[in-house]
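Handing you a structure now.
Order of writing sets the chain letters: A, B and C. Residues in each chain are counted from 1.
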Amino acid sequence: MALAATSVFDLLALSPPGWGGNLLRGLAHSLEIAAGAYALGIGIGVAGAAGQLYGGRVPRDLLEAYTTVVRAVPELVLILLLYYAGTDLLNRGLEAFGFGPADISGLAAGIVVLGIVQGAYSTEVIRGAILAIPQGQIEAARAYGMSARLLMRRVTLPAMLPYAIPGLANLWLIVTKDTALLAVVGFNELAQETRQAAGATKAYFIFFLAAGALYLMLSLVSNAAISRIEKRARRGMANPAGGPA
Amino acid sequence: MKAPEKWAGHHLAMIVIGAVIVVACATLMRWDWLADYGDEIAAGLWRTIWILAASVGLGFALAVPFGFVQVTGPAWLSWPAHGFCTLIRGTPLLIQLWLLYYGLGSLFPQFPWIRDSFLWPILRQAWPYGLLALTLSFAGYEAEVMRGAFAGVPKGQIEAARAYGMSRFTLFRRVWLPLAVHRALPTLAGETVLQLKATPLVATITVFDVFAVASKVRQDTFIVYEPLLLVAVVYMILSGLIVLAFRAFEARLPVRLG
Amino acid sequence: MTNWTRTLAAGVVAFAALTGAAQAEAVKIGIAAEPYPPFASPDAAGNWVGWEVEIIGAVCEAAKLECAITPVAWDGIIPALTTKKIDAIMASMSITEERKKTIDFSDKYYNTPTSVVGAKGTKMDATPEGLKGKILGVQVSTIHADYAKKHFAGSAAEIKEYQTQDEANADLAAGRIDATQADGIALDAFLASEQGKACCELKGNVADDPAILGLGAGVGIRQGDPLKDTFNAAIKAIRDSGKYDEISKKYFNFDIYGG
C-alpha cells in the first residue's frame, strides 16, 4: 500500500474523509485536560506546600507519603488506579449516602487523575520556591503585623513566584505530554484520535508523525510563552539568572 | 533534605494505620492469582529491569557526546544535537514508541528485502523498538543535563589542564568529562527513576514487562485493583533501590574530584 | 429526590465543577475504543459507524432506551461496566463461562466462525500441525487468545498478545507475525482492505470448541441488572420485525445470527 504524496494531504485534510479535523479535536481535548490538570495540580501544590511547611506533623507525613508515592510509581499505573478506583470509590460513597451513581465525564476524570499526579510535583516545586524566598522579606512582613493569611497572599505567594516559574513551566510541558497516557484508558485526546485514525486508514507512519508534529508545536509555543513569562517575573530581581537552588 | 525527626507518637500511629491497611489488603483482597502468574511476573520484572538498565547505559553514552557538542562543538554538530533534544523532549514518549514500532512496521511491506536481511530476526521482535525509543528518550533528557554539566565545569580547571600540555582528547577524558559527570551525578538518580516510570509504556507495543503481566492478569481474571497495586509496590521498591544505589555510588566518590 | 438536588449532592462529593451528575439517565453502551470493522469503527467525522453501531441504535430504539455510545479501552471494558462507568457492553463480546463469573449476558445477537489468516504464500492451516513453528498473534483476553493458548500453544513458536486486533493485523502485514486468529468477519474485512489484500489470505476456520469459543456475542450487563430482560426483548423484537436483517444485509451476504 504505497502512499503517494497527494494521499498524505488527503489523509490529513481537515474535513472528512480527511482525518486532520479529528487530530485537531484531539489536540483541543488534550489541551483542555492539560490546562485543567495543571490548574488543579497547582492548587494541590500550593495547599501541599503550605501543609508541608506550616502544617502539623501528621499532614506533613501524609503529604510526604503522597509525593513519594506519586514520584515513584509510573504515571500509567497511577492513571489506571485512580481512574478505576477513583470513580468506584466515589460511586460507592454516593450510594452509601443514598444517591445514584455520578456520571463522570472522561474530561473530568482525566483532569482529576493527571491533576493528582501533577499536584505531587507542584508541591515539591512550590515548597522549594517558598524556601528560596529571602527570610528577611517574610520577617519584615511579620514585623508589620500581617496576619498569616495576608502574609501568604501578599508576600509569600508573589515572592515565591519567580523561583517557582521554571519548575512550574517544566510541569506544564510534562502535563501536555502526559495527556497522551490517557489514550491507554481510551480517552479521545490527541494520541487516541491518532491511533484510531492510523488504525482505520493503516497509515500508521503518517499519523504518528503528524501527531508528533502537533505535540512538538505545542511544546515550542509553550517554550516561547514560558521564556516571556520568566522574563516578566524576574523584573527587578537582583540575580536575573537565579532560579531555585 | 529534612533532618530526621525524632520518633514521635504520631509516627507510631501512622505505622499502625499503615500495617492495618496492608493486612486489610492482604486478607480482604484477592491474591490467589499470584500462584498462577508467579513465573510470568518474575519474567516481566526481569524484562523491566534489563530494559531499564540497558536504556540508561546506552542513553547516557549517547547523552555525553550530544551534550558536549552543544557546548563546544561546531554548528554543524551542535545544531543537530540541539534539534534532537528538542524533538525528544517536545513529544510524548508514547508517540515516539508507536511511530517507531507501528509506524516503521507499516512501511515494511513496501520493502520486502527487509524480511530477507540478516537484521530481520531482530526487527520482527518488539523489544528492540522499545529499547531504542527508551534509549533515545533518556539520551534526549540527559543530554540537556550533560550540556549544563559540561558548561558548568570551571574554566580554570580546563585552562590548568591545558597549561600542563594535555592533548585535547586527554583533557576531555581526564578532566572535562569526569568533572561534568560528577556534576551531573546528583540528577542521574532522579532521571533514572523517571526512566523506570517510563518503561511500562513498552507494554503498548507488546513487550511483556511487569506492567504488561499485570494488565494480562487484569484482563484474564477481571480483578481490577490487586495487580495494579502489586506493580505499584514493585515500582516503588525499584525506585527506592535506584535511589539507594546511586547514593552508595556517590558516597564512594571523593567529594572534591578536581 | 429531585434532579437538581441529586446533581448538587453528587457535584459536592465529586469536586463540584469537575463532574456532572447523570441527568437524562441515558444508558451508556460501552464499545471498544478501537477500529473493529465492519462492526464498529470511527470515521473521519468522529462518528462511530458499522454493523454493531447500527444494531445498538436499533436495539435501543426497540427498547425505548436513550443510549449514549461510550468508547472504552477494550482491556478495561469489564471493569468499566462493574464500576458503572458504562451500563452495558456491546463490543462483539463473546458469551463465555469465564466472563459470566463477573458479568451477565443477554441472549446472543450474532455468532460467527473463528478464522486464521496468514501471510500469502506460506503453507499453513488452522490446525495445531498447520501452525507448527509459526508466530500467531491474537487479541489479549479474547476467546481467541484462550483458544490459541489451549490448542496452538504446543505447536506454534509463539503466541503474541496484542491490545487490539487492529495492531495484530498491522503486525501481520509488517511480517512480524506469521498468522492471526480472530473473528471470521473481522478478518474478512481486513482481507478486503488494501493492506490485507496485499499481504494475506484466509488459512481456514478453527475446529469448534464451544467451551471456549462460547455461544456468540451478547450484551454484557452488570450481574442482576434488569437491563438483561430489556435487551433480550429488544433483540427479539428487531429479529422479529426484520430490522435486524435489514441492517445485516447492508454489510453481509450471509446470516450473521448463526445457528
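We adopt the following convention: a contact is a pair of C-beta atoms (placed from the backbone, for glycine too) under 8 Å apart; a residue touches a chain by one contact, two chains touch by 3 or more.
Since this is a predicted model, take the numbers as computed values, not measurements.
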item: Most distant chain from subunit A, judged by the mean position of its C-alpha atoms; value: C
item: Contact-richer chain pair (by C-beta pairs counted) among B-C and A-C; value: A-C
item: Cα-centroid distance, subunit A relative to subunit B, in whole angstrom; value: 21
item: Whole-Å separation of chain centres (CA-atom averages), subunit B against subunit C; value: 36
item: Where subunit A and subunit C are represented by their mean Cα positions, the distance between them in whole Å; value: 34
item: Per-residue multi-chain contacts in subunit C, two or more chains; value: 76, 79, 83, 167, 170, 173, 195, 198
item: Subunit B residues counted as touching two or more neighbouring chains; value: 102, 105-106, 109, 204, 224
item: Residues within subunit A bordering two or more other chains; value: 1, 80, 84, 88, 184, 195, 202, 204
item: Residue ranges of subunit C in contact with subunit B within the complex; value: 75-76, 78-79, 82-83, 99, 101-102, 140-141, 160-163, 167, 170-171, 173-176, 195, 198-199
item: Complex contacts: residues of subunit B adjacent to subunit C; value: 102, 105-106, 108-109, 114-115, 124-126, 204, 206, 215-216, 218-220, 222, 224
item: Subunit A - residues contacting subunit B, complex; value: 1-2, 57-58, 61, 69, 71-78, 80-81, 84-85, 88, 173, 177-181, 183-184, 191, 194-195, 198, 202-205, 208-209, 211-212, 215-216, 218-220
item: Residue numbers on subunit C that touch subunit A, as the complex places them; value: 1, 6, 9-10, 13-15, 18-23, 28, 33-35, 37, 41-46, 71-73, 76, 79, 83-85, 164, 166-167, 170, 173, 193-195, 198
item: Residue ranges of subunit B touching subunit A (in the complex, touch as defined); value: 5, 8, 10-11, 14, 86-87, 89-96, 98-99, 102-107, 109-110, 193, 196-201, 204, 211, 224-225, 228-229, 231-232, 235-236, 239-240
